[in-house]
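Two complexes are shown next, each including chain A; its partner changes from chain B in the first to chain C in the second.
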Partner chain A sequence: MGFTVKKEIFEKYIAFTLCGSLDSSTAPQFNEEVRQVILQNPQTLVLYVDELNFMSSAGLRVLIFAKQKLGTAASLILVRPQEQLLETLRMTGLIFSVSIVDQYPE
Partner chain B sequence: MSTLDNRIDFYPTNEYRGIKYRRGRVLPFGATLVPNGVNFSVFSSASTSCTLVLFNKNEEEPYAEIPIPDEFRVGNVYAIIVFGLDYENIEYGYRMDGPYDPQNGYRFDKQVVLSDPYAKAIGGRDKWRDDSNLKRNYPFRSRLVFDDFDWEEDNPLETPMEDLIIYEIHVRGFTSHPSSGVRHRGTFAAIREKIPYLRDLGINCVELMPIYEFDEFEHSRENTNTGDLLVNYWGYSTLNFFAPKSGYAATGKYGMAVDELKTLIKELHRNGIEVFLDVVFNHTAEGDHRGPTISFRGIDNKTYYMLTPDGYYFNFSGTGNTLNCNHPVVRNMVLDCLRYWASEYHVDGFRFDLASILGRAQDGSPLNNPPLLESLAHDPILAKCKLIAEAWDAGGLYQVGAFPAYGRWAEWNGKYRDTVRKFLKGDHNTVGQLSQCMQGSPEMYLHRGTTAGINFITCHDGFTLYDLFAYNEKHNDANGENNQDGCNDNFSWNCGCEGETDDPGINILRHRQIKNAMTILMLSQGVPMILMGDEMGRTQKGNNNTYCHDSEFNWLDWSFTKKNFDLLSFARHIIHFRRQHPILRNKEHYSNRDYKESGYADITFHGTKAWHADWSESNTVFAFMLDGHHAKNGFVKDDTIYVAANMHWDALEFELPQLSENRKWYLSVNTSMAPPETFYPLQCEPVLENQSGFIVGGRSVIVLIGK
Partner chain C sequence: MKAESQSRVFEAVPGSLEPIRDFITTFATAHDIDKKKIFKLCLAVDEIATNIINYGYRLADIDEGTIHVCVSYRNRQLTVILEDHAIPFDPIKKGMPTPEELMKPVEERPIGGLGIFLARKSVDHFDYEYKEGKNHNIFVVDID
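Right after this comes the complex of A and B.
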């Protein structure tokens, strides 16, 4: 199962579309992408994850990294996570650090 | 740009079979993430060499073994930084070579891969009772953890000790029953779902029974009568002191147990609830000389364990071995461990299992000035943590009232438990001792204040509160030890029938006795502790030693919140009553004097006649009055509170002390009455028609408020 990430920069937010499997082998690549965009101080970072089939703890750690780098004033939004990811976010409590929506922008 | 990653000391100098590494840092011990790699550091005083063993998760054999070069050893510490590791998927351990000479305390065996005493996570039991790798070689492999959890504004709560109301929880038992209605039963995440319940109950501290990694399959066996698998359910047998039990996390199988536990603690804090850990530093899971070699025995047997002169294990814990807590290296490990939990997990306090062992010298003799206990008491990082001792051990050392406290340590007050139980069952010769207990046991803790004692009537070890009034004898047959295990001195009374009964009179009496017990506990000075489920009449069917049952013996049946709603609503009331009235939470002992010149001493004792307490041997009634001017030792004003406890079988009239300043008596609690007249909500208490006397029912307690 591969992993692809596509970055798009909009006027009010930056978006990543993630597909495939985000695990320890692919998380460093995504982490670096996140690190680069956060240098631009976005107020909103949107992750389209409906085609992300798997996220391991390494992937979750990228979310933790992103949220802490963005700061409390900025938003980290996940669009349509699959049920397994959603449940993992609930169990770990990471769900409190992100916003879950069905589409973005609304 | 110059960053940490670019420093030359974060690049490899050596290579072994394609794996790059360099000299490591000796401190901190354990595995630490550093730029580009992982620093491994381990102590061993008598080994001759050390090999770092690396596994991929879920693979039987290691993928690499790196002999740590002798030049990487400083003193007795081996340290190496290894580069290019897959942090998420590796597991590690050590092979230690050295003498095998048990008589002289050496048990090195380089065939065994040992887990790291400082590992922050341990694999092997990722999911509770998953036996898929029971036959695996070296199942308890060390893992890496990240310290990137976002605590936001959270910090330990630092609730004053005298304001605490502790609730003892077994992580699995609290939510494993199907009636719990949670998504992931028996986990940290599930407790989070029950926080609203805990808030409503009114407790402000949960004490978690052991959550350090342990092996639930240790000494597991089948009960030949029932076919049930008996397991190490309570978990008082530690594999590793720094790692949370992965099988208690819904996300354990994803390697996220650390995050799940931290989230639980953060959410409990957000709801004003402190978190204590029940920590077991008296022994490890390696047992005696016949036990498995998992970690400490193979790393440095002679350092970590108290050994007899001929190399066997002292057994002050009753479990086969005794951790050598006052050896300087082990002392530092205990200190490092507690500092880690306090700083990295924001834990608020610790309860030390069989803590008297922590005061024994390396030869097992009790120390007058135990360095470990002193170190913990004065440690700067633990300065605001609560430290609570179970002040006895299995070797006969009993220190309740005499535990070396250094101005910090509190104790489980076993004397309180026994006295209150005896009084409630109507034993003679208890009233004098009870009066001490309700004052915070000044006869034992005169110079240590009321918070030196943790008051409890029940805990995980023994009968539940319901069973205390439903069984005269223990019924431990299901443990498979011919009912020989468990305590025989329970001071219980079955109210007329052993076990369950349809007799309404007996059932009413049992409920009343539970309410009496809760009232006495909540109206005593000191720090009260409630056993999980006692507030709703949880039963263990007369079993007073349920250490091995992963079943309904131990699982809290949440349908009892409805079945025994009268008990639950009463418990909520009396807990909130304690929180409402600061006079019940003085830090210093009552002085039996009127230092506020209110016309009343801070505490006065009464009997059926006001101002005349009856201390005679055959007396079974007791009353006292707390003057509200002396709340919080005179710094706060509260109502006056009068309590009368009648453990005589029949009703008795109590003459009430007269109040000054046109104040009147109001009724808060009368356990002899059926709901809804058992208690009245706060601020809705009815005024007594008769201000000079009150008929207290047999085996009942009343609480009045003077205002």
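Right after this comes the complex of A and C.
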């Protein structure tokens, strides 16, 4: 299954499309991508995750890192997470710190 | 005829995490276990295997560690046992985040500490034993 991440930079937001498995072997790759875009100080970071089949705490740590670095005014948006990922976000309380939408932009 | 149990030895490297999950998923799928339960079991196992790889063997200064994975199905319970010979580490003794901490805004939370919490919360029973020089992490899922 592996993991792929695709980055797109738009005028008002930066988007990543994540596919496959985000575990501790693949999270460093995503973390590095996030670290680089944070330098551009985006106010909205969008993650297209409908094809992300697995995410462990290593992936959650990247989300926490991103939100902490972006600051409270910035938005972290997850588009169409699978049910299992939603449950992980609920269990850990991270669901309150991200926005879940069916599509972006609307 | 479906096997009642299977075991396999994996190298204790990050690249083994996905093969370990695949090994468990293949076995559980053959026993018609619900996809959601399989996902949660894989999450629990992945979290503990990650700790063994990233901390257990490193702290033990062992370069070529292994993780022995045994998966079995008996009496409507699916059990996974991970065995390793890294430093003794009992995840049950590790503190869990409180509900209040989990409700905190992400900006006020530490970046780590969720792995063992997820491991223990994602299966019906979690147990740990240290015997014969090995850690045994035991994950049990009840099948309705």
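Heads up, the rule we're going with is that the second predicted complex is superposed on the first by the 106 of 106 C-alpha atoms of A that agree within 3 Å, B and C clash if a C-alpha of one lies under 4 Å from a C-alpha of the other, contacts with A are read in each partner's own complex, and residues count from 1 in each chain.
Definition applied: contacts are C-beta pairs under 8 Å (C-beta built on N, C-alpha and C of every residue); 3 or more make two chains touch, one makes a residue touch a chain.
Predicted model, so just to flag it, every value in this text is computed and none were measured.
Colleague: Specify the partner with more touching residues on chain A, choosing between chain B and chain C.
Modeller: C
Colleague: Just chain B (first), just chain C (second), both, or neither: which does A:Leu60 touch?
Modeller: After superposition on chain A, A:Leu60 lies in contact with both partners, chain B and chain C.
Colleague: Under the stated touch criterion, which partner chain does A:Gln68 make contact with: chain B (first), chain C (second), both, or neither?
Modeller: both
Colleague: Kindly classify A:Ser21 by the partners it touches after superposition: chain B alone (first), chain C alone (second), both, or neither?
Modeller: In the superposition, A:Ser21 touches chain C alone.
Colleague: According to the stated criteria, A:Met91 is in contact with first (chain B), second (chain C), both, or neither; which is it?
Modeller: both
Colleague: Would you check which partner chain A:Glu83 touches, where first means chain B only, second means chain C only, and both and neither mean what they say?
Modeller: Second partner only.
Colleague: Name the residues of chain A shared by its contacts with chain B and its contacts with chain C.
Modeller: Residues common to the chain A contacts of chain C and of chain B are 23-25, 56-58, 60-61, 64-65, 67-68, 72, 88, 91-94, 96-97, listed in rising order.
Colleague: Can you list the chain A residues touching chain C in their complex?
Modeller: Residue list for chain A touching chain C: 1-2, 21, 23-25, 54, 56-58, 60-61, 63-65, 67-68, 71-72, 83-84, 87-88, 91-94, 96-97.
Colleague: Touching chain A in the complex: which residues of chain B?
Modeller: 86-89, 146, 148-150, 152, 183-184, 187, 189, 192, 249-251, 254-256, 259-260, 262-264, 266-267
Colleague: Quick check: in the complex, which residue numbers of chain A touch chain B?
Modeller: So the residues of chain A in touch with chain B come to 23-25, 27, 56-58, 60-61, 64-65, 67-68, 72, 88, 90-94, 96-97.
Colleague: Which chain C residues qualify as touching chain A in the complex?
Modeller: For chain C paired with chain A, touching residues are 14-15, 17-18, 21, 36, 39-40, 42-43, 46-47, 50, 53-54, 102-107, 109, 111-112, 114-115, 117-118, 121-122.
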